[in-house]
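Read the structure below first, then the notes.
The chains carry the letters A, B, C and D, assigned in the order they are written, with residues numbered from 1 in each.
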Amino acid sequence: MEKLITILFIYILVDNFVLQRFFGICPFLGVSRKMETAMGMGMAVVFVITISTLVTWLIHYYVLVPLGIEFLQLVTFILVIAGMVQLVETFLRKASPTLYQGLGIYLPLITTNCAVLAVALLAVRQEFTLLESVVFGIAASLGFWMALVIMSGIRERLELSKVPAPLQGTAITLITASILSLAFMGFRGMMTL
Amino acid sequence: MGAANFRGGVHPEHRKELTASLAITAATIPRKVVIPLQQHIGAPCEPLVKVGDAVKVGQMIGDSEAFVSAPVHASISGTVAAIEPYNHPLGRKVTAIIIEGDGRDEWCSELEPVEKVDDLSPEEIRARIRSAGIVGLGGAAFPAHVKLSPPEGKAIDTVIINGAECEPYLTADHRLMLERPEDIVFGLEVIMKALGAGRGIIGIEDNKPDALRVMRQAIEGKSDMSVVALKTKYPQGAEKMLILATTRRRVPSGGLPLDVGVVNHNVGTTVAIAEAVRKGKPLIERVVTVTGEGVKRPANLMVRLGTLAGDLLEYCGGLREDTCKLIMGGPMMGLAQPTADFPVVKGTSGILALTAEEAAVYENGSCIRCASCVKACPINLVPTFIAQAAEHGLFDRAEKLHAADCIECGCCSYICPAGIPLTQWIRIAKAEVLARRRR
Amino acid sequence: MKNSYLADITRGIFKENPTFRLVLGMCPTLAVTVLVKNGLGMGLAVVAVLTCSNIVISSLRRFIPEQVRIPCYIVIIATFVSIVEMVLQAFVPSLYAALGVFVPLIVVNCIILGRAEAFAGKQPVLRSLCDGIGSGLGFTLGLLLLSLVREVFGNGTLLAETNYAVQLFGPNFEPMRLLAQPAGAFLVLGLLLALTNIVFKRLQIE
Amino acid sequence: MNGKLVISSSPHVRTIQSVQSIMIDVLIALGPVALVAVLLFGKQALITMAVGMGAAMLTEALWLRRWNIFGDGSAAVTGLLLAMTLPANVPWWIPVIGAAAAIIIGKQLYGGIGQNIFNPALVGRAILVFSWGSRLSGKIWPVPKPFHFFADISAVTTATPLAGEAEAMEVSLSQLLIGNMAGCLGETSAIALIFGAFWLFYKGHIDWRIPGGYLATVWIMGTLLGGGIYINPYMTGLFHLLTGGVLLGALFMATDMVTSPVTPSGKLIFGVGCGLITMLIRLYGAYPEGVTFAILTMNALTPLIDKFTIPRKFGEVKRLVRP
C-alpha cells in the first residue's frame, strides 16, 4: 500500500512526466492553448494510459515472456496501444456519446503521445506488479493532466498579454515550462521508491 | 452606529469647497433658449408649437403619447424661432425648439395650486407630475411619474430621497437641502402618498453635516421619515449602493429598486415634484453648479432649462485660459463636451470646466494586477479582466465576467495606478454584450 | 530533377526543420541533449530509422490499404526501431544506456510518422529517401545545437564521454548547472526557438 | 480659454497613485530590512544589494533601450528582492547573473511589467539555486558580525537554523526576531520585515489575505507537524514562521501584485497554498527551505485560481431579501 501511494505521489509531483521526464511534450505544447481542450485531452489520456498499461502488462507477462519473444515487445506494445485507442473510441461512441463528444477528437492524437508507450515500457522495465503498473499509469497520466491544465491556464492569460512576437506560441510556452519545472524541482527528495 | 456604507467605492477629492457655501442665485433670464424635444429616457416629444408661435413661460411646447416620456415646456416667453436639430449634451444632435425671448417673462399657468396633499389622489399626483414634465434631475432623467407607477404586484414600502451628492465638485443638491428643506419634505410626502409607502428615508453623506442638521430639523415630528447619514464615499449616490446603505436590501442583478420595494428620487427631483404639486409649476428651471478651476466665478445657479452653457459660463465670468475640459455633470460620470454650445437640460446637475491640472490623463499603461479596481468596484466585478477582454474583442468572456452589470460609476478608472481607462473599455464591452442580447 | 532531390534534403534541414520550424519530436530533443554525444547519437538513430522507414513505406505505398495505413506504418517503424535498439545495445552500450527509454520511443516520434503520412506514403522511393535524410539531419541539427549549448555552459565541456573530450574553461569556471537539468532543457530550447524565429523573419524580409 | 477642449470618456479625474509610486513604496518598505542586513553583515551586504539593484535596473534599461535607468521602479524592486534572498558572501557575479535572468527570463520575455506569470526575483533565485547551489544555499552560511561594517564575514560560518535539530536548538527567540543569525540578507530579521510590511499595509498595497493565509498555514502546520511527531521538538510553528524566507516570502514576494490572484478569495487560496507547499518541502522534502518553490508553484496556479474565483456580482441572489 505504501509503495502504491509513493508511486502516486512521485509521478504526479516529484517526477512529473511532462516537467521532469519529458514525456508527452508534443500534446503538452499542442493542446494547452485552451482550458477546455486541456481538460478533455487530460481526461482522455488518463483513460487510455490506465487501460493500455493494464493490457500491455498482461501481454508482456502472459504472452511475450512465456513464448520467449520479448524482442517483439515494442511492436506489440505500440500495436496494442493503437488498437486500444481505436477500441476505446468505438466503445465510447456506442456507450457514452456525451463522453465521446468530449474526448473523441483527442483520442486519435493519443497514439503518438509518447507518454502512453513510455508508461507501458517503464512499467515492465521497473518490474512493477500489475497493481503497481496501473497506479503508475494513473499517476503518470494525472501528472500529465495537471501540467496540461496549469499550462492552459497560463496560456489563456498569455494570450492577452504583450509577449514579444518571436516568443509567441511555443517559445514562451517552453520558457514557462522551464520555470514550472524549476518550481517542481522543489518537491525532489520528498519520497523515493 | 457608524454611517451607512457599502462595499467598494473610492474617495476622490471633493473639491466642493468651490461652491458649497454659495447660496443658489437666479441666473439672468437668457435671450434665447434651446429646448431639446428629448431630455429624458423614453420616447421623444412631438412639438406642439410651430415656428413663429408666441409662447409663455411654462407653456407645454412638446409632448408624446407614450407612457415612458415627459413633456417639455417653454422656459422663457417669446417666439419660436426654429425647430431644428441642435447640439445635445449627450453627444448627438436632437430636434430642439429654439425660442427667442421677448424679455417680458410672462407666465402661463395651466395647473391649479393646491395647499394640502390630502386633497389629491395618487392618480392626480401622477398626472400633475407627468404634465409638469418632471424627470430624474440627478442625471439619469428617468420620467418621474413612471417611477411612481409601480406595476401590479410590486408593493413599494420605502421611498429614499437621494441627498448623497457623491460626485465631487457638485453642490446643487447640498444647497437645495439647506435652502428648501420644507419643499423636500413636502415632496417626499407626496411621493409616499402616490406610492402608498409607509417609510421615507433621506440619505445624506456625512461630509455635509449642515445639510444633515437642517433636514433632521425639517422632518421633526414626522414618524414615518428619517434622515440617514451615509459614509462619504463615491458612488454612495448610485441607486443600488444607496438602497443597500440605507435599507440593507440588495437590488438583484438586472433588477430595479422596485424589486426590493424601494423607489428613490433625487433631492432636486423631490423639490420639482413639490413645486409641481403645490404650485402647479412645470419643470422650467433647475439648480446647476457651475464650477471647476476653469470657471472664474463658480456658482450655484437657478437656471432656466434650455439656457446655453456658453451663456451660463459668460454669466460666471467666463473660462480661464488653461481650461482643457468642459463637462456636463460631475467629474466621475459627466460627459465631456466639445464646445460650450449646448443647452442646459433637465438632467444637467453641473457644468464643470477643468484645467489641465485637475483633469486626468489616461494613458492605457500595463495592468500590474494590483486589484485596486477589484476592491473599488461597488458591483463586485473584476474590471481589469473585463477591460482586457474588451480590448481583445473577446466579448463572450466579457459577458461571462458580468460586463452588463457595470453601472459605469468610474471607480475603476479613477483608482487605476496604471492609468487604464477601464470604465471606457467596460462600456464598450457592455454595449456589445447588450447589443448581442437584443439580437 | 536533380534539384528536386537536393531540395528534398535541404527542405528538412532548414525550411521545415522538425525542431525549430515544425516543433516536432520534442520529447527526445529535450530529454537526451545534456551531452553532445547523446544528442548526436539520438539524431543519427532517428536518421537511420527515418530513412529506412521512408524507403520501405514509399516502396510499399501501392500495396498498403488506405484504411489500415497508420498501423502498417507503425509496424514498419517499430521494426526498424527494434533493430536500431539492438544495434545500439550491441555496439555502443554506454550510449544505449544514456538514451534509455527514448530509444524505443522513437516509434512514437511524430517526425517519422509525420513524414510517412505527409511524404513517403505518396512520393517515389528516391525522393522519400532524400526526404528522410533531410528531415533526419534537420532533427540532428536541432539536437546538436541544443546539446552544444547545454553541454558547454551547463557542464563546461565539449564532447564529454567520448575520445575527443575537451575541457573548455579553466579550473575556476563554475558551469551553469541548471542547463543540465530538465528546466534548463526547456529554457534553452525556448530561447533557441525564439532566436530562429528572429533569424527566419530577418531572412524572409531580405 | 485657448486650444481645444479635450473629449474623453468619464471619469475625468484620477488618483495620484501611479505604478512608480507603488514601487517606491515597496522600496521604502524594504528599507528597514536592508538597513538591518547592512548592520549585521557589513559592507558585503551593501555591495550585494547595490549590485543586485544596479544590475536589474541596467538590464531592464538596456532591454527596453530606455535612458531613464530607474523607470517605473519595478526593476529596482526585483533586484533588491533578489539580493535579499542571497547570503552576504556571494561573489559579485551571482547577483549580476541572477538579476539579469530575473529581468529577462522572468519578466521581459513575457512582455514586461504586468505581463509576467512568475515572480521575477524568485525566477532569478531559482535559476541561481540550481546553477550554483553550493554558493547560496549550502550547509555553510556566514555568521553576522553586527556593527562591524568592514569585517570579512566569510571567515566564520555556520549552518542555518533550518538545517536540523542541533542547529535549531542553538538559536534563541530574540535572535530570530532581531535577525542575529545565519541566513540570507533579507531573511534574518523578523522585526524589520514586519516593520516594513506595515508601510505597505498602511498604503493599501498588500491585502491581508495572502500573508495571512500563508503565515497561518505555516504556523498551523509547523505546530501540528513540525514540533509534534515529526523531525524535532524545537521546530515549532513559531520557529517556522521566523526562520528562513517565510516572512520575506509571505510579506514581500507572495504579495507581488502581478503574479498573485486579483480576486479576494483567490488571494486567500493563494496564501494558503504557498504555506502548504512551503511546509511540505520543509518537513518532507530534500531542501531545508521551500519558499521559492512554493511561491513559484502558486504563481503558476494563479491564472486558474483567478478564473475560478471570480467574485459573485452585486445582487446575484436567487432569493430576494424582503422584510
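Criterion: a residue touches a chain if its C-beta (ideal position, glycine included) is under 8 Å from a C-beta of that chain, and two chains touch if they have at least 3 such contacts.
Since we're looking at a predicted model, the values are computed, not measured.
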- In the contact graph of chains, the distance from chain B to chain C in steps is 2
- Query: A-C or C-D: which has the larger count of contacting C-beta pairs?
  - Reply: A-C
- Query: Closest chain to the protein CA centroid?
  - Reply: D
- Calculate how many whole Å lie between the centre of chain A and the centre of chain C, each centre taken as the average of the chain's C-alpha atoms. 22
- With chain centres taken as the means of their Cα atoms, state the distance from chain C to chain D in Å. 41
- Per the C-alpha centroid definition, the whole-Å distance linking chain A and chain D comes out as 34
- Distance in whole angstrom between the CA centres of chain B and chain D is 48
- Each of the following residues of chain B touches two or more other chains, namely 366
- Task: For chain A, write out the residues touching at least two other chains, lowest number first.
- Result: 162, 164, 167, 172, 175, 179, 182, 185
- For chain C, what residues touch not just one other chain but two or more? 178, 181, 183-184, 187, 194
- Query: Among all the chains shown, which pairs meet the touch rule set out at the top?
  - Reply: A-B, A-C, A-D, B-D, C-D
- Task: Mind listing the chain C positions that touch chain D in their complex?
- Result: 174-179, 181, 183-184, 187, 194
- Task: Flag every residue of chain A that touches chain D in the complex, lowest number first.
- Result: 35, 149-150, 153-154, 156-158, 161-164, 167, 172, 175-176, 179-180, 182-191
- Query: Which positions of chain B touch chain D when the two form their complex?
  - Reply: 10, 12-13, 157, 168, 240, 248-255, 259-261, 294, 318-327, 329, 331-339, 352, 354, 358-362, 365-372, 374, 378-382, 384-385, 401-402, 405, 408, 410, 413-419, 421, 423-424, 427
- Interface residues, chain A side, partner chain C - complex: 19-26, 29, 71-75, 78-79, 82-83, 111-114, 116-118, 121-122, 125, 164-167, 170-175, 177-179, 181-182, 185
- Message: Quick check on the complex: what are the chain A residues that touch chain B?
- Response: 159-160, 162
